[in-house]
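All chains are identified by letter, namely A, B, C and D, in their written order; residue positions are counted from 1 within each chain.
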Amino acid sequence: MVEYAWLAPLLPLVGYVFLLALGRRAPEGLVAGISVILTFLSFLVSLAVFTALGSHPDATGAYTFRWLTLGTHSIDVGFQVTHLNALMLLVVSAVSTLVFLFSVGYMHKDERFSVFYQYLNLFVFSMMALVISPNLFQLYIFWEMVGLCSYLLIGFWYFKPEAALAAKKSFIVTRLGDVGLFIGIILLFLSSGSFDYSTVFQAATSGHLGLPWISSAHLTTLAAILVFTGAVGKSAQFPLHIWLPDAMEGPTPVSALIHAATMVAAGVYLVARTYPLFEASGVALTVVAWIGGITALLGALIALTQRDIKRVIAYSTISQLGYMMMGLGVGAYAYGMFHLFTHAFFKALLFLAAGSVIHAVDTQDLFEMGGLGKKMRITQWTFLFGALALAGVFPWAGFWSKDSIINATLQSGHIVLFWFAEIAAFCTAFYIFRVYFLTFHGKPKDEAKYAHAHEGSWVMTVPLIILAIMAFIAGFFNTGLNNYGLEKYLMADSPTGLIGHVYPDNVALMIASVALALLGILVAALMYWKPVISAEKLAQSLGGIYRLSFRKFYLDEIYYRLIVWTGKLIASIVDFFDRYILDAIVWLLGRAGYMGGVGLKYTQTGQVQTYSVIALFGLMILVAIAMFHVGGVF
Amino acid sequence: MNFVWNGPMIAFYIIALGVLGAAVLMLSVRKVVYMALSIGGVFIGAAAIYILLGAEFVAVAQILIYVGAITILMLFAIMLTNHKAEEPPFQWTGRNIFAAVGSVLMAVVLLAVIRSTAWPVQPADVHLNAGNSNPVAIGLVMFKQYAFPFELVSLVLIVGLVGAVILAQERKEDE
Amino acid sequence: MALNSPVFPIPTGSLLALGALLFCIGLFGALTRRNLIIVLVSIELMLNAANINLVTFSRLGVNPSLAGQVFSLFTITVAAAEIAVGLALLLAIFRLRKSSEVHDLNVHKW
Amino acid sequence: MGLAFWFTILPLIAALLILVLPKLSSGVYRTLALAGGILSLILVLVGWFAFDGAASSVQLAGRIPWFTLPGLWHGHNLAVGLSFGVDGLSLPLATMTAVIGVLSLLAVPRDRQRARENYFWLSLALTGLLGVFTSQDLFTFLVALELVLFAVFFLVYLYGDPGHKEAAVKFLIYRGFSTVAFMVALVGLAWAAAGGYATASANAGNAVFTFNIPALTATLHQAISQWLSPAAASALFLVLLLGVFIEEAFVPFHTWLPTTHEHADPSTNMLIGGVVTKTGAYVLLRFGVGMLPGEVRHWGVLLAVFGVINILYGAFAAWSSKDWRRLIAYSGISHMGLVLLGVAALNTAGLQGAMFMLISSGLLTALLFFLTGAMKDRTTTLTIRSLGGLSKSMPVLSGFLLVAALGSLGLPLTSGFISEIQAFIGGFATYPAISFVGALGVVLSAVYLLYAMERTTFGPTAEGFLKLADARPFEYVPAVVLTGLVLLVGIYPDVIGHLFGLSAQALLRIGG
C-alpha cells in the first residue's frame, strides 16, 4: 500500500484540474460533489497507508526519479512515506474532507464557488505533496505552493481591501522566513551534496557537513536555524506571527483548514522532519524551544482581549503552535507531533463552529453576539467540546497532548519555559471560555442579527459533530489505554526506536494543570456568564497591560516603522538616485553633446571660401606632417 | 644646373612671364570685364607652352575651347548679369590674410618639392607621335586606347549642356 | 650631359614651377575674389595649371607618352562642361538674388 | 545548408518581401511577417529533434561565404561568412526568441497606422536576435547586433506613448555604445588570438586570424596559456564587460531600459523585455566565460557584487515604480543581477542558473508586457495607483497576470524559481557572503510584485473599470503559450536543463 501513497496527493490534483476544466461557472453541486468525494478517497488512501505502515521501523524508503541534473549532482522528485508523513497525511486528508463538506454550506451562493474549490483542491494537493516529499528541495517547492494557496484563499474576497492587504502581508511575511529556509537548504545541499533528508542527516550527525568557510558544527547550527526561520514564518511563530491574525480575512473554512489545522502546522512538521539536524546542534534546539515558549505565551496574552471571534482563535492557534515548537525544542518530539495531531481536530472544530456562528449572525465581533446557544444547539455543544479540548480539561484531547509537552518541559529542566507554558495554559482556558460565554450565553446584544440566526444545514453540522468526537477521543491515541501507540508509531522512524525523549506521566502535574484550566474557566464564567467581576473595571484597573495586550504588544506598528518604513525609504532613495542623479548625469552628458553641437554650428557660415581656406590649412598641416616625417625637402 | 640659353628656353621664359603677368593682372584689375579679358592672355600663353612641348593638338584645342569658347561665354555671362560689376578693393580681412598665407605657403612647398626632386632628363628627339603627325597620333590613341573614356566624356558634355540649358532657363514664378 | 644626345631644352623644373605658381595664383583668386565669375575664372586658371603639368609630364616624364596630352584634352572638355554649368548656375542665381557675389550665397548658413 | 541558417534568415526574407511589395492592405504584411516568424519557429522546433542533445558541439550549422580580406595576418586571409549554428546554449535561446517574436507580431494591433514599417522592423529585429544567438562568426554576430539595434530603435521611434521618440534616441545611444564596446573587444580578441598582442618571447607563429567563434574560442585558450599577455586579456575583458553592462542594462548603465519600456508599444516591449535585454548576458556567457574564463574568475568578486547590487537596486526601484512598465523593467534588471551572480560563481549550478534565468526572465517579461499591454488597451493607463479591482471585470487576464507575477517572484513550479535556486546554489558555493545579501532580493521581489498586484487586480473595482471586456480569443494565444512555457520549464526543467548543463560544463571545461 505504501508504494501507492502518491495517490493521496494526486486525487486532489485531479480534482483541481477537473474543476479548472469545468470553468468558473460550474454548478455548485457538481463542484462540491467531485471535491468532497476525491478528498474522501484521498483520506481512505491515507488511512490505508497509515495502517499499512504499522509500527515497524522500516518500509519507509523513498521513491524518486531524476528531475534536474546539476553538474554531477541530480535533483530528484518523488515521494517517501515515513511514520511521521503517514500521520500528517491522515490529519491533512481527514480535516480537508470535513472542511470541504462544511464549505458546501458556508460558501453557498458565492459567485466564485468553483474557484474556491479549485484553490482548496490545489492546497490539499500541495500540502500532501509537501508532507510526502523525499527531499528538502521538493519540500521547498510545495512549501511555497501552500503559501501561494494561502495567499489566494486569504485574498479570495479580493474586492475587500483588508483581504487584499492581508493576503499580501501573509505572503511577504512568510516569505521572509522562507528566505531563511531557502538559504538553509542551499547550504545543506552544498555541504552534503544532496537534498535528500537521509544524506543530509547522515552528514550532519557524523559531522561531515563541510564548507570551506565554516566548520561542520557551526554549519549545522546555522543551517538548522535557517531552516527553522522558514518554520517560524509558516507556523506564525514570534517574531513572524503577525500575518496569521490578518489572514482571518479569508473565508472561515480556509482559516480552519489552512490557518489552523494543516498549513501552519507545516512549520512544526518541518522541524520534526529535520529533527536529526536540530538534534545534531543543541543550540538550534534551544532556539526552537525558546521561540516556541515565547510564542505560546505571547499568543495567549494577546488572545485575552481581542474582540473578533476569529482573531481570538487565530491567536490561540499561534499560542498552540508555540506549544508544539516548544515541545520539539525541549526534546519531546513525539509530544509535539501528538499535540499537532489533536490540535488539528479541535482547532478546526473551533474555527468551523465559529464559522457557523458567523454564517448565522453575519458579524465577527464578540460583543455583537450573545445568547446564540438557544438557537444553535449543535454549534454550541460542539464549540464547547472544542473549547474544553483547547483549555486542556480532562479527558479531552488537548489535555493529553498539552500536558505531555508541559511535563516534558518541566522534566527536561526548562523551568522558565515551564512557567511560560503554565501561564499560557491558564490564559488559554480563560480566553476560549470568554469567547464561549460571550457567544452562546447571556443576552443577545444585537437583536436584528440575533433574529435571523439559525443552525446551518447538515453539511455544516455533520463535520462539526465528527470533529467534536475527534476532539474528545483524539487524546486517547497516546495514553496508557493504547500503550502510547502514537508515540511508538512515530518513534518507529528511527532505527533506534527513539527520537528525542519521552517522559512518564506525572499525575501531580496533570491535576495541577486541570486545576489551572478550571480556574481559567471559572474566571471567564464569573466575568462573562454570571458577571460577578466587571470586565471593564478590570481592564481599566490594569490599564497599560490591558492596552498592551489589546494592541498586540504594538508589534505591527513596530514592524511597520522598522521594516516597511525603512524599505520604503530605501526605495524612495533609490528612486531619487535613479531619476535625479543617474539619469541627470546621463542627461547632462547628452546636454553637453548638444551644446557642443550648438557651439560648433556657428562655424557653419555658409561661405564656401571660408571652408576652402580651412580645408587648405588642413591640407598644409597634413603636408607639413608628411614632410617632416619623410624629410629631405628643404 | 647649367642653363643653356637657346631659342626654346628664351621663348619659354618670355611666355611664362607673360602668363604669370596676365594672371596677376587678372587679379589686380577691378572691372570684371577686364578680368575676363586678361584671362584670355593666360589661356593663349598656356597654348604657346603646349606648342613648345610639342603638343600641337592640345595647343589648338586650348585656343579653340578656352580662348574661343570659354572666354566668350564668360563675357556673355557678364553681359547678362551685372556687366558694370566691379570687384571691391581688396581688403586684408582675416580670411583673406589666411588665404594669402595659405597660397604662399602652398607655392613655397610646391616649389621646394619641385626643386628638391631630381627630374628625369629626356632627349630632345623623343618620338612621341610614332611617325605620325601629332593630331593623328592623338586621334589613334583616343579612339583605340581611350575609346570608352572618350564616350563617357561626350556623355558628360551632353549632360552639362542639357543641365546648363535647364538651369539657365527662365522660370515661371509658380513653378 | 652627353653631347651626342641633346637634351630637351626647357628644364622640367621650370615648367612645373610655372604650373605651381599659376595654380597658387588661381587658388588665391578663388579664395578671395567676391565676384562669382572671377571665382570661376580662377578655377579655370588652376585647371590650366594642372594641364601644363600634364603636358609637361607627357613630354618629360619617366615614360613619355601621349597619355598626358589625351588626359589634358579630357580636362579641357570637362572644364568646358563645368564652365557651362557654372555660368548657367550663375545666371539662375543672379535672376533669383540680383547679385553675383559669393558672399550672398549663404543659404547653408546655420 | 543547415537548419540554423534557415530559421535565422527566414524572418529576413519576410522583411525583404514586405519591403519590396507594392502598397497592399496591412493584413497582407501581417500575414507575411507571421508566416516568416512561424516558419522560423517551426524550423527551430524541428531543430530540437535534429539536435543531438548529448553533444555540446555546434550543430545544424550553415554557412555561406561572404567576403575574404586578403593577407591580414602573416599572409593569412580573413574569410568572413554568414555562418549560423546552434549549441546547447543557443538552441533554447533561439527557441525563446522565435516564440516571443511570433507572439509580439501577433500582439501588434490590427488597426496599426504605418503597419508595413511595423512588421518590417519587427521581422528584421527577429532575424537580428536569432542571428545574435546563432552566429558562429564574429562578423555575422556584430552585423546581427547592429540589425537589432536599428530595428528596435525604429520600433520604439515609430510607435508608443508620448515621449517614445526621446526614449528611442536614448536606447540608440546607449546600445550603440555597447555595440562599439563589443566590436572593440571581440575584434581585439580575434586579434589577440592571432598573436596580435604577443609578448616578444612567446611563439605565436601558428596562430591564425579567424572570426569563426568556435575556432576562436579554441585558439584563445591556447593564446591565454601561451602568448597573450594578462594585461591585454584584462583590458579586453573589461571592455567586453562594459559593453555587457550597457547592453544588459546593469546598474549604473540601466536608465535606458525603464525609459524605453515606459514609452514603447506593448509588442515592442515584449521583444525588448523578452529578448533584446538578454543579448548582453549571452555575450557574457559566450565570449566572457567561453573565451576569457580566467578573467571572469579574476574579476569574479566585482561581478558578484554588481550582481547583488543589481538584484537589490532593481528590486527597490521596482518597489517605488509608479507605472507597471517601469516596474517590469526594474524587475528585469533585478533578474539580470542574478544572472551576473550566477556567472560570477563560475560553476555548473551558477552558469546553468544564469542560462535558465535568461529563458525564464525572457518568457515572464514578455508575458507581463503582453498582459499589461492588453490591460492598457482597456484601462488606458498603467499607473499602479489608478488601477484596482480588475479581477472583477477581467478575471482571465488578472489570473494570467497573477501567474506571471508569481513566476517573476520565483514561485516554485514556475521557471523563475528553478533559475533562482540554481543561480543561488552557484552563488553560495563561491561567494556565500555576497549571495547572502542577494537573497534579500527574494523577499523584495515578493514585496513589489504583490504590492502591484494588490493595487491592480485586488481591491474594490473603480466605476470605470466595471464594464471592461476580458481577454479576447486571440489574446489567449500569447498568454497561454507563454504561461505554458513558464510552467513547463518550472515543472520539468530538464527539458532545457540537460542542454544547459552540457553547455555549462563545456564552458567550464574549456575554462579549466
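Simple rule for what comes next: a residue touches a chain if its C-beta (ideal position, glycine included) is under 8 Å from a C-beta of that chain, and two chains touch if they have at least 3 such contacts.
The structure displayed is predicted, hence computed values, not measured ones.
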For subunit A and subunit B, the touch-path distance in steps comes out at 1
Larger contact count among B-C and A-C belongs to B-C
Chain with Cα centroid nearest the overall Cα mean is chain D
Subunit B to subunit C, mean C-alpha position gap in Å, rounds to 5
CA centroids of subunit A and subunit C: separation to the nearest Å works out as 95
Expressed in whole Å, how far the mean CA point of subunit C lies from that of subunit D is 60
Separation of the C-alpha centres, subunit A versus subunit D, in whole Å, is 37
Residues in subunit B with touches to at least two other chains are numbered 95, 99, 102-103, 106
Among subunit C residues, those touching two or more other chains are 27, 31-32
Residue ranges of subunit D touching at least 2 other chains are none
A full list of chain pairs that touch reads A-B, A-C, A-D, B-C
Subunit A partner, complex, touching residues on subunit B are 95, 98-99, 102-103, 105-106, 109, 112-113, 116
So, in the complex, the side of subunit D touching subunit A is made of residues 170, 173, 252, 255, 258-259, 313, 316-317, 319-321, 347-349, 352, 389, 391-392, 395, 406, 411-413, 417-418, 421-422, 424-425, 428-429, 432, 436, 439-440, 442-444, 446-447, 450-451, 453-454, 457-461, 492-494, 497-498, 501, 504-505
In the complex, subunit A touches subunit D at residues 24, 66-72, 137, 140-145, 148, 151, 155, 158-159, 161, 163-165, 167-168, 171-172, 175-176, 178-179, 182-183, 186-187, 189-190, 211, 213, 567-568, 570-575, 578, 582-583, 586, 590
The subunit A residues in contact with subunit B across the complex are 607, 609-610, 613, 616-617, 620, 623, 627, 632-634
Within their complex, subunit B touches subunit C through residues 1, 3-4, 6-9, 12-13, 16, 19-20, 23-24, 26-27, 32, 35-36, 39, 42-43, 46, 49-50, 52-55, 57-58, 61-62, 65-66, 69-70, 73-74, 76-78, 80-82, 85, 87-88, 90, 95-96, 99-100, 102-104, 106-107, 110-111, 114-115, 117, 119-126, 128-129, 137-138, 141-142, 146, 149, 153, 156-157, 159-161, 163-168, 170
